[in-house]
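Two complexes follow with chain A in common, the first pairing it with chain B and the second with chain C.
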Partner chain A sequence: MNKELPPGLALQKVDERIMTLNVGPQHPGSGHMRIIVQIDGDFIVACDPDPGYVHRGEEKMAEYRNYITNIPHLERPVIHDSCNILYPYVLGVEELLGIEVPERAKYIRVIASELNRCVYTMYWLAIYGIFLGHSTMFMWPAGDRELLIDLLEKMTGARVTHAHFVPGGVRNDLPPNFEDVCLRQVNYFEKRIKEYAAIFYDNPILISRTANTGVLSREDAIRLGTTGSVLRASGVDYDLRKKEPYDVYDELDFQTNVLKEGDSYARSKIPWLDMMESCRIIRHALQKMPKSGSVRVKLKPNPKGGDASVYKRVESGRGSLGCYIVSDKKPEPYRVKLSVGSFRNLIALPYLLKGEKLGNMPSVYWSLNYWPVEADR
Partner chain B sequence: MSSDSDNEPIETTSDVEPVSKTSPSLEKEIELPKFEKGLADKIVEKFGSRTKVAFVKPDRVRINVGRDDVKEVAKFLRDVLSFDHAESVSGVDYPQDKEIEVVYHLGSYTDSSLSRQILVLATRAQREENPIPGNDATKLPSLREIFYSVEFHEREIFEMFGVYFQGHPDNRRLLLPEDWADLPPLRKDFAIKGR
Partner chain C sequence: MSVIAPNFKFSEFVKSILDNVFWILLIFALIGLPAVQVILFYVEMPVIDGELLTPFLALTWLADPSRTLPILKAFMNTDLFRIAAFPGFGFAALIAAGTIFIERKMLAKLQLRVGPFYCGKVEGILQLMGDGLKLISKEIIIPAKADKPIFWAAPIIFVATAAAFVALIPVAPGWVVADVDVGLLAVFAIIGFFPIITILSAWSSNSKFPFIGGIRALHQMVSFEIPLILSLLGVVILTGTLNLSEIVASQSNFPWIIFLPIGAIIFFITILAELERIPFDLPEAESEIVAGWLTEFSGMIYGLVQLGTYLKLYAFAALFVVLFLGGWTGPMIWPPFPEEIITDGIVMGPITAKIPGLPVFSQEMLNGVVWFVIKTMGVIFFILLPRGVFPRIRIDMLLSLGWYKLIGLAFVNIFIALGLLYAGVLGPGGIL
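Our next item is the complex of A and B:
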């Protein structure tokens, strides 16, 4: 695995027997990105990911809008995980402006963020299932995630693009009777996802297709700077909710899931295990949350940061998500950089696909928990 | 969104005199976090005046270095202080200084005492008024052989700011289309239509 990879695959002259194949960017199997693979018969000899098909310049747009109006568009890269992608930005702006968030808002954020993590993971799981040819695994998560989408809709007013987190807290308080509904749906949801073991994760066909394919060793996972489920599937116990707890994660009871195998199977299992921990977190947070109180510190219009920079990070559905904000005493940020998990994990793809069969490409690619729109920003 | 408030707006600290991020000396009157101070001291001890500690905050230490020393400092951070990967590499354009800053956010998975820490390593490249990406003076040494994880990040900065990384094996475009012929888009002089 420590081999150097040749640069510029698309431009290289190759052997007669080697075929260059473009997968994507409009191929459903690659999800709005192009993967250039060179195949020798059935085996991939080299792979060159080519992201950027859905690049929208979110970072450039952020320099033209003030700290508050940035919120609805910065969540666009991952609308299914919109609370988590806003989280580091909001934490960063709070540090720049020196705002202390009310206790109840912190709990609401944690609940929303965990619900969103599950919603994202279910969507991802549905895609992962269908690309392995398991259409039940497409239908079940796509249906069950509606439970949590309903909860988030009650909470924020929107099904996917919530724009719920704002500097100073959350936009709205919880609706009446939310706690009971949430508890009931989360309990049912947990019962449902446990059933996935029987049809998917313990399925011998799935295991034979994904176990021992695309193995990423612990050393390589660290060296390539991977994050999230990819890192934890390779035996590195690193979850920012534990390692650098933000808001109230240090008061909640949960554990991180780590597997040692580093193959596609382990990488696809970690997000599923994480969802059960999310259910635990939500239940515990509902129990510990202050029953009343303010949920938002009101800011002055057009708040200005100082002459400072801040880097905040949270654990999203796809791993560590960092936001670097440079402020220059203006209402607009001078520079906003999103360091997203998908972009960081993409670097592992050429290493994992080298020597694999072409038929294993979807399982390896989707096991990276990769979201092309997020990586392109 | 915040203007719809019917309450009296509260004071934020935005009017407070901000702490200068480029102040070279540490402010002694504020009590600095001990562990982070220790990290900064180790770097200063090794490199002396070639590095400037820009700030020491809880879990964040920022070091500014010149472009000639960045590789040596990065090697020291990896081998002695065991920072093993780059979380994020950002470019920041400063047209008024005629410089482009490249900021590496380094973290560590192997050393558990560093798991909360992000070491911010910043260096600056010369900025050209009319850039010809790759063929002008906007160049920096690549950290790719020290931190493998910067590979795609540095490619992104090359296309978005025109900073060419010397020693990077693969200086192709990443996100932009192959036929992009305009200015590197994250430079401040690249204007968005209608804004």
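Our next item is the complex of A and C:
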């Protein structure tokens, strides 16, 4: 049996100086994936990321469930960013079924989505801290994240897997007195994340370790198809909330953060700056939100789409997140395809790691704003 | 109807206990008692206060406090006590255990956590004991292709070398295991062993990540040994001796850190690197090379390496205290031993007990130990603190720090010491 092995597994004759390291899946610095790294001394000569260890077939599962029962399992790839990963699906289904969403529901969606982006980014930041050997930066974001998780629990009833967005609005209205609690906690949260500058982002050791490592130029960032914070750190002003505003983002006041350096430090700084913008968006949305009104349009049981297809995308914590839905007049979608930012950012990893030192691997890898489970879907 | 022990019979239970008691008594009577008698017959008993120690006398001394103290004092003058208990291994291990507890609680407070809490009722004070029991009960797994003798020997040699380092530290006047005239040279010799042990253990495990970690440890320790030795030359120039006890005695007026702050800072940074503490923990960098050269260790082998690491931490902190902070010197804060107990004895109602041999420790010794422990814990605190504040640095940054910056600064420090010496300020015949 002459089976073709994937390139990383095939036995190949290599130079005696070169050592092959299997970083993962049983490795504290890999996540649910493997990076096959070939090193010459302390320098990486080749790198082959090997995702797919947590593939769950979410897209295939979506073909056997109707439009409403698809919601809880489609948020599983990123359970701590579950509002954002459901957002394009819900927008697409609304367009297929031709539903107009109430104004208050749109604002609630924006608030939930921004809170969830912060929850995700804090988790990502915690892991970035521990990857650089900074244990305080692991504990602080993991603790401050609880503030927003409590808010989301008040709002949706669950700490992480919310399943809050449904076609036609959101599942429940806000609890009474939510606006005051939200405003207070978000203000405190913003004060806390500003303190991270002193211990982490202005730390001279951190800057000298991550600045000028894994530099991704503006042209390469566009050519490799990266999105989100990786693209913005390379100097491309690209944020779907500004470029293709969905729901009420065009009525809200915020700006996109762009840095020109394109190195690990800039890539790690952009999500942190984005969190402050998220706090701004939440405060503005709370101010502009209609104080009362319906939050959900009731659908018929087992709604059927027309003979059509729709592609919607939103800006998630990891970049542009698209959802392509094909409908064939049945209660179940014919095809659901998720286009996730994690996988698109991972493509840049082999280009960035080539020629870097082994010590830079964790910082470059995790600065790509990558979530292994989302890439595998 | 019992579900737990369906075939339980009380008579069999009693019979099994009686069986066990019978065999224990039989073995004790046939083997234990003759063995004790044989040992007592051959062993030469010591003479204490002019009396030959017989088993009868030893038992009497246990019951009579007036006779317990002389035997205790005699025992404390033996080498065994010094090596095993007070200035040696036992004292160092106690401080190491305290260090681990303080590290965990302090880091937890810094990171808005609680830290060990449940084990031992009071703030998790028995957590270390629980961890130790867990490590002892774990299976020791050895990689199939490891070089087994070296793999087994490396942790034991590591602890032994760290203990040898501890033996050179003077804790109080006269209280040192090995009071040698080449004390500082012996310290340098012992520090030179650690890279060899590290690379041996890393290489013998025949695994990639430990190997990379071992190579990193080798680079780090070798390149930081040179600034370490150079930074201590200033102290040697000013004191004119290598004996650690004499170096402490020379600081009775002022510690050397006042005149040689650059040397103290260089020495502190090199301590961090030699101990593989954050920010210099590259040999154990978790996100890159799993646990570095400790990856393949498991069970009590890992526990031994940790014990050796913390013994080393205590020894380096104590060395900093001895060389730069004046060791045991300090104002007298220990209260003097009450004279009336020696002259009048202890009055307990109708009985007045006169106990010969008091006080057991002199006031100067206790005061010295208190100051030494306070200073050592302070230095240990500053060694632990960067773990909560700094990320890990990279190997090229580490090497350039060691070879360019620290060695250059160490020469500046030596010139300062020479200047102070030739200006006649300090040193033999100096004005201070």
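Note that the second predicted complex is superposed on the first by the 365 of 377 C-alpha atoms of A that agree within 3 Å, B and C clash if a C-alpha of one lies under 4 Å from a C-alpha of the other, contacts with A are read in each partner's own complex, and residues count from 1 in each chain.
Just so it is clear, a residue touches a chain if its C-beta (ideal position, glycine included) is under 8 Å from a C-beta of that chain, and two chains touch if they have at least 3 such contacts.
Fair warning: this is a prediction, and the values are worked out from it, not measured in the lab.
By the touch criterion stated above, A:Gly143 is placed in contact with chain C alone, chain B being left untouched. Of the two partner chains, chain C is the only one that A:Ser135 touches; chain B does not reach it. In the superposed pair of complexes, A:Asn203 makes contact with chain C only, with no contact to chain B.
Of the two partner chains placed around the shared chain by superposition, chain C is the only one that A:Asn360 touches, whereas chain B remains out of contact. Of the two partner chains, neither chain B nor chain C is touched by A:Leu86. In the superposition on chain A, contact of A:Cys47 is made with neither chain B nor chain C.
Once the two structures are superposed, chain B and chain C can be ranked by residues of chain A touched, with B on top. Judged by the touch definition given at the top, the superposed model places A:Tyr324 against chain B, while chain C stays out of reach. In the superposition on chain A, A:Met19 makes contact with chain C only, not with chain B.
Here chain C touches chain A in the complex through residues 107, 110-113, 208-209, 212, 278-279, 281-282, 285-290, 387-397, going by the rule given at the top. Every residue of chain A that touches chain B in the complex is listed here, in rising order: 4, 7-8, 50-52, 55, 57, 59-61, 64, 68-69, 71, 97-99, 166, 168, 171, 222-225, 227, 231, 236, 238, 243-244, 297-301, 303-309, 311, 313, 320, 322, 324, 326, 329, 334-335, 337, 339, 343-344, 346-347, 376-377.
For chain A in complex with chain C, the residues that touch the partner chain are 19, 21, 27-29, 42, 129-140, 143, 199-200, 203, 205-206, 208-209, 357-362. Chain contact summary for the complex, chain B toward chain A: residues 1-3, 5, 7, 9-21, 59-60, 62, 84-88, 90, 92-93, 103, 105, 109-110, 115-116, 118, 120, 147-153, 169-170, 172-177, 185-186, 190, 192, 195.
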